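The data blocks that follow each hold one structure.
Two complexes come next, and they have one chain in common, chain A, joined by chain B in the first and chain C in the second.
Moving on to the complex of A and B:
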């Protein structure tokens, strides 16, 4: 049992399960009515909206584990969404081609941040803060305050490879979470990311190409923010410059709630995804409680602090 | 040395001749520079105000429009922009105030400096502004409430969508609740705060529709639900009606298809053209007929949507 508890993700799963149990009890329906929260369709809804944050949170977790920070994902999501939807709606490109360019834009922003951090070298906070401004600004220049209505061009039950539209975002999230969890835990590159975040000097002396590792994590974070932006466009049905405004903080909070330490060297990809689900459940359940809509900011703030305090207490016990 | 002296003299002569040319132009009908400041650049409806202002400027012939605003709703940034136009001594300012009370002193400073100020869309009623052009938000909220009562035959559960913090949205909400209160059979199950996030709006509609399967109507004081098809997708229009502000596409298509029942359109083009006309008249010694110029709202239903769309197209193309 003690060994089981040492698996960091397990405590996040327990928190998520407790949260689900609480809302299932709180929102228990009158006899004869279906449960408004605990049902399959609602679970899919939570997964669909959480995946917008979760894909970018995978990248954020990797950056945080490496000892860095990325403030750009919200703005990059907006920019990639705007570029992808502009090509699709205005220029009549195919959906696949438009969204591929969108994702490539995300990668390009990541490469630029990585270059600024490794080659300049700028502190990650400053480089990604600048990138946040550049990406959001570029999105506004493209839209000029308008938006691109993707939903009207995806009429008639869009089903890529026969998969229902609502399932696309959760599937992308799960596949990417598995890929990056494996890369982080089973490959040398992942172990190098942990080493750089844990002690950069020690990593350098042990022969790890620190700059190369750092470069790769910001490039990946940009790429994943690009995928998140495309998912956002597909879920929301529009490309708009002010979408995902402030999401970077939710994304970072998800990674931290999922066990990532802002001082680096600790965290997990699956944990970050579970962190976004903890917030996704809150976003889904609170509107079902009359009057709670004005309290949800406060509740989310309290939950972040409570989970991190709990995590640190447990960590001390584990050590 | 001689060359330097000659160069300085040449620059000085050029500067003086430029200055005198400007002074001469100012005295004898120089081009008028009017600053038009919306609340922010990320709200799509304001682009139509820009079209209206620029079209009016072309009509008048000797007017240049300086269009600027914060990228997102930021009161301090809007004040800074207003102040910069006062120091630039523009010929007139037309502004949609994010917070009228916050801008009152600055607007008064502009008036004292001889720069006429007209407010539009959102007023600063305690300032010395020359006139206000726009909709009476309380009245338009009341119209929305009355439309809901009429549509629902005075009975049923309704959920309201708003974004807390904006003065004009709060007044619409107050007006709507006032009208709904007159029908005791109508029950407001929830007033949702979407925090200016269109994705959050879509998520809340999905959750709320599941939570209240017997909901008779969604009432939105902003256009978030009708700017994409995806937001209203979970709603069954045979059971739940949608009444929303704003008429930008795909809103009109949603109305034609019966997904949305009533839309309230504002005079988006007039927001730009009317204040410019008022400022132009003031410069030519003609004061506006009244301090408050009520633009009214267009109530758009399936019956008049085609007529409305035709008028829109004409205005958009500059007709």
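Moving on to the complex of A and C:
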């Protein structure tokens, strides 16, 4: 099983490498000019923007492995970004304090979804669909159509702990990915998530606290969406209510491309992060191809289907 | 017609990975015969049936029907060629009506794509009448009893005018009366010239219905014999490939302290006023027909449901387990009835499955894979679980070995009380014997065992004492020494006859 995951993650790495190789070849510049795609600066750019999706995708992967679904991350990112940037810009709070409140808001939305799913109990699809509306609506109420300009207050070489600003998002993402990968593969909690996703009834009959596991999963997803939202306003420099519109589907797609099965019990955190990088490279490289800009969404859609179909055929052969 | 030999399997071979499920099986089912296919789980029966149904393609060999080679790409093609399947797990669409189930996938359609609901209901009515089934074609399938749902599959096969009807363990969840009805229907079909291929572990059924019996073992065809002039013991020997040791007598200790005691435990409407006790080292059989409330009783003791009234005492102390974790911490383990649905994780390895309850109870934070692997290997060896290793998924195991995994994972928690719900359901003869041995050995070590089973010979063979339940109430208690099938059955059904 563990070997199977490793192979699965490897295949995501291979797809990513092929994708990078393809765009490197396609966008090869005339002699003497720097490569517009394959260079260090662009790599950091891709990494920075992918981190926004990747942090939330970690949570989405965990939720999906537990057999659930979370439709709220996009809206929650907007809400937490708006609250964080509002406190920072309008109320003059310190950056650390306002962003902490932003992340805490994300956790709060997660706790609310978790309560609805475990205590009501509502199907995760419905609970998080509702949460999506509530979070997006709250973001609009707070902003009243304005936007909060974070970047103008961050001018003058913002370097938290001496780290260049561009590196903050990737570092946060990589640290969180490692933490949750380890939690999912090396801890009883992670195995409990896999067991609940694989067979909820058997988990109950095996003495696993199914409700507690489910609760934790949605709380974590909310928390990570909160972190994503804060990272988003820091990267984009603006807090507004229509941030991260439709991101939930990209995030779910990344988790699925990274090996998560929507029927639960299968998937990985690292896979989901690699999935966001696959889309990050697409979003970065396609606009550089003349005339390809309008094909962006279409190509993303085709890629999701192609990768999942490929994965299923490979899986069938392997078993 | 003698040359067209009915259904022929010629040198059929099929491997799944390294496992050879069928190693060149050749056997013939004469047209119009009722032919039994017996063998332990893992012998290759299911694979052979799946090939016949077109779900699985053979690696080599062929299947011929009346001399003509069958090339089946899907179950649908099988149905169109007149091969009807009745599965063990009762495939039905609970949300559709009876008629909807019978015509699922082959609905009668009028011009413009409208469903001819009326015609389908009328046809269904005719088929059901033929089977003497008092079922409303418009009723939703979920309102039917297990037996009627089983018969629905037979009706579905008839609607397709099948010439071969294949039945895979059709009586697993039927009561005796319901099984009788099924047999009556099958006899009628046989008289009409339908060829029956009947797969079962239950030899009495096989001997009752079938003309010829084929035995499979480890993917090989051992022999095909005529029912007349063959003793059941010989078939069992052929299936198992060895002599079964005789039933071991056990010392029953009437003075041992009471370990588990229920007083007036109720959970309406499932069971009421249940009082019973199990002593240390005792095996108490809980017999009753389907719906007697046994599973609910065991699940309540295990903390899955809250009782309305009454007490559970463990070693004299009142306990109120509010969850399976609480019950398991108190020393109670439950091996549930449906291992596929309630017992196993098919996305996790055998190792994970084996150590999960123990690790959950201990409350460890870390997964220590190396240590777990050693423990899992020890369990596999100790309980003789046949598996390619501890890092494989449990769907590669046969039913009996899957059941041993569920049993072993709970025994690894060193319980004081072991609750078993139909511990050998759908398990082959050899594994059944081994599971009985495991239960006896664990009881001898002092575990109090409460075994719910509707398999009467099993209850009689295993128990020190037998408690009979009917409609949620304890009907009586019989010492195993003086119990006979008749006396137990009488208790289980007497009220039904009176009322």
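Here, the second predicted complex is superposed on the first by the 313 of 319 C-alpha atoms of A that agree within 3 Å, B and C clash if a C-alpha of one lies under 4 Å from a C-alpha of the other, contacts with A are read in each partner's own complex, and residues count from 1 in each chain.
The rule is short, and it goes like this: a contact is a pair of C-beta atoms (placed from the backbone, for glycine too) under 8 Å apart; a residue touches a chain by one contact, two chains touch by 3 or more.
The structure displayed is predicted, hence computed values, not measured ones.
Under the clash rule set out above, the superposition-derived model of chain A with chain B and chain C shows the two partners fitting side by side. Touch criterion met: A:266 reaches chain C, while chain B stays clear of it. When the two complexes are laid over each other on chain A, the CA centres of chain B and chain C sit 130 degrees apart as seen from the CA centre of chain A, to the nearest 10.
In the superposition on chain A, no contact is made by A:130 with either chain B or chain C. In the superposed model, A:201 lies in contact with chain C only, and not with chain B.
Number of chain A residues touched is higher for B, counting chain B against chain C. In the superposition on chain A, contact of A:192 is made with chain C only, not with chain B. By the touch criterion defined above, A:244 lies against chain B but remains apart from chain C after alignment on the C-alpha atoms of chain A. Across the superposed structures, the minimum distance from chain B to chain C, using CA atoms, reads 33 Å. Of the residues of chain A, not a single one touches chain B in one of the two structures and chain C in the other. Those residues of chain A that touch chain B in the shared complex are 36, 41-42, 45, 49, 52, 136-137, 140, 144-147, 149-152, 155, 232, 235-238, 240-245, 283-284, 287-288, 290-291, 293-294, 297.
Residues of chain A touching chain C in their complex: 1-3, 185-192, 194-195, 197-199, 201-209, 264-266, 319.
The touching residues of chain C, when paired with chain A in their complex, are 17, 304, 323-325, 327-328, 334, 336, 341-349, 352, 356-357, 359-361, 363-367, 369, 391, 393, 409.
Here chain B touches chain A in the complex through residues 41-44, 46-47, 50, 71-72, 164, 189-193, 195-200, 202-204, 206-208, 210-211, 227-231, 249-250, 253, going by the rule given at the top.
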